[in-house]
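Shared between the two complexes below is chain A, which has chain B as its partner in the first and chain C in the second.
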Partner chain A sequence: MIGGIDIQVPTRAGESSLEVAVRAIRQRWPLAVFENGITGERYDEFRQIPLGNLEELFVYRDGACANLWDEEGAIPSIYNTMIHIIPNDETLSLVIDEKDAAMEALIQAVEWGLREEIFCVRAEKRAA
Partner chain B sequence: MSDAARRREILGVEFSVENTFHYTDKDGWNGVRSQREWLFKASQPKDPNRPVGAYFTNIEPTRQNLKTLYKRIRVPKAKQQYIFWFAGREGLVRLHGGRGRDKWIYVSVDDYRVSTDRQRRADAVDTVMEEFQ
Partner chain C sequence: MSRSSATMLEEIIRQAGEDWLIDTCVPPDAAIPRLQQTLEQLQATAGARLGNLAPEFSEQALLQEYRRNPAGVRAFLQVLGGRRSPEMLLMAWRIIHQGMELKSIELTYRRQATFNATVVLESPDGTEDAPYRSNNIHDFALFRHIGILEIDTNPVFEGFYPLHI
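After this line comes the complex of A and B, so read on.
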């Protein structure tokens, strides 16, 4: 009854973890589209994602893949064209279909992003 | 009282107990429902970090949930066409501290039996969905 492979990625980015992960994925999937994993609301552009209010997010490689997932679900011909992200307190869960070289590289990019302190520093304006 | 609430009352369905669900396709549905006591066979999921087991969820078959359920449990859409609904979670556990998907996934590491007094519905999901609107 359950498919996919769950990967737990430690994060130091706190509330920004989801955003950091999505930005890392978009580096490799520039045409990515998104869906709220709970409600099914679709976001065709990154800026539309309500990042602070999501319990689960699907990131699709592109719109065509999103449509195929809608119609068929997890079938082999579209494996690894969607990443399911679930933020937890100190980790981020990523769910994929199978581990291949391309997906391993993408996961590594997310891990790297979530490890880097630069994403954890709050930018503040200094008084002139 | 809504129609759905009235049906639940007639059926004697107690919604305060923990409801548990198993979604499947027609073959899986026919295999399990043919027995008086439902028997869910343990098997190895694709993820080697998950144990051999019979897997269940607490995600209810509402219209909204069904829009994404098959993607969340990562199965073909055909695998959410039928449903087993039963009361209680005796013998079921959540893995990995209930993180990620394990927040709503329950597993029995052996074959799992559901006696008739715990059985609620075994039907097409579209039919059962009406009870949860």
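After this line comes the complex of A and C, so read on.
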């Protein structure tokens, strides 16, 4: 994404980081559609997203917004209807157009979701 | 179950780094047949509940899902090895594979008396599954894998994730 505000979220969730972010965003945008940030392949449903094989993901508020982004690019009337996610080993980048209360709340939800101990604490399995 | 499919399941488990599923089984050779039996029970339960919408629990289907969502399959394998009920395993798979959301969870427990769990899942378009119910105390372990979110100060259980084992 060119321009926008890049927010770096620390994570120890590894390969689950992207999924946590997608699931949090989907709470706000239940009709969200998704696009591979590298190949442009579109996924209309969560189950289609290759979560383990993505370098970048665009999450659009809905299909109409995705089409507008394709046709018009980043025009002000559709700001904050797409979030660009770039997962890395220890950080998750969330790129948005502008900060507003709703977007900040959503980013905070992702941050706290990624800080859950399920992603940070090592469990041990012992033979029964 | 053919020898080749047994090998496939073991390969998925080892590739996922969940070797303990096999290595802590007594004897280890019994692990794969037990897991295959669990998958067969799960397939039957899924068919009874969801009919032609039932997900497939073949080892090939697991491998495909592992390629799409390795973390999700790791989470599923971690709960597959215990004494879980097929119904609640199906619930977990619906979250992992099909993106179902947790609409409600009800838990009751009385020491040395009762354990009851009821989970309702819904899809993003609002379609609900019939409630998933269990009185098997071992199913409580599944709840350790559920993610926690807070959206606008409202509570949300969402996702089914692997533990760091």
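By our rule, the second predicted complex is superposed on the first by the 116 of 128 C-alpha atoms of A that agree within 3 Å, B and C clash if a C-alpha of one lies under 4 Å from a C-alpha of the other, contacts with A are read in each partner's own complex, and residues count from 1 in each chain.
Everything that follows uses one rule, which is that a contact is a pair of C-beta atoms (placed from the backbone, for glycine too) under 8 Å apart; a residue touches a chain by one contact, two chains touch by 3 or more.
This one's a predicted model, so the numbers in the text were calculated from it and none came from an experiment.
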For A:Gly40, using the defined touch cut-off, is the partner it touches chain B, chain C, both, or neither? Pick first, second, both or neither. first
Which partner does A:Ser93 reach: the first (chain B), the second (chain C), both, or neither? first
Report for A:Glu72: first if it touches chain B alone, second if chain C alone, otherwise both or neither. first
Looking at chain A, does chain C or chain B touch more of its residues? C
Per the contact definition in the header, classify A:Leu31: touching chain B only (first), chain C only (second), both, or neither. second
Just to be sure I read the superposition right, which of the two partners does A:Gly4 touch: chain B = first, chain C = second, or both, or neither? first
When the two structures are overlaid on chain A, which partner does A:Gly52 contact: first (chain B), second (chain C), both, or neither? second
Is A:Met82 touching anything from chain B or chain C once the two structures are fitted on A? First, second, both or neither. first
One more residue to check, A:Arg23. First (chain B), second (chain C), both or neither? second
Taking the complex as given, what residues does chain C use to touch chain A? 20, 24, 26, 67-72, 97-99, 101, 124-125, 144-145, 147-152, 156, 158-159, 161-165
For the complex, give me every residue of chain A touching chain C. 13-16, 19-20, 23-24, 26-28, 30-31, 45-47, 49-53, 105-106, 109, 112-113, 116, 118-128
In the complex, the residues of chain B that touch chain A are 22-24, 45-47, 49-50, 54-57, 64, 67-68, 70-80, 96, 99-103, 105
Chain A to chain B touching residues, read off their complex: 1-6, 8, 35-40, 56, 58, 69, 71-75, 82, 84, 86, 88, 91, 93, 95, 97-98
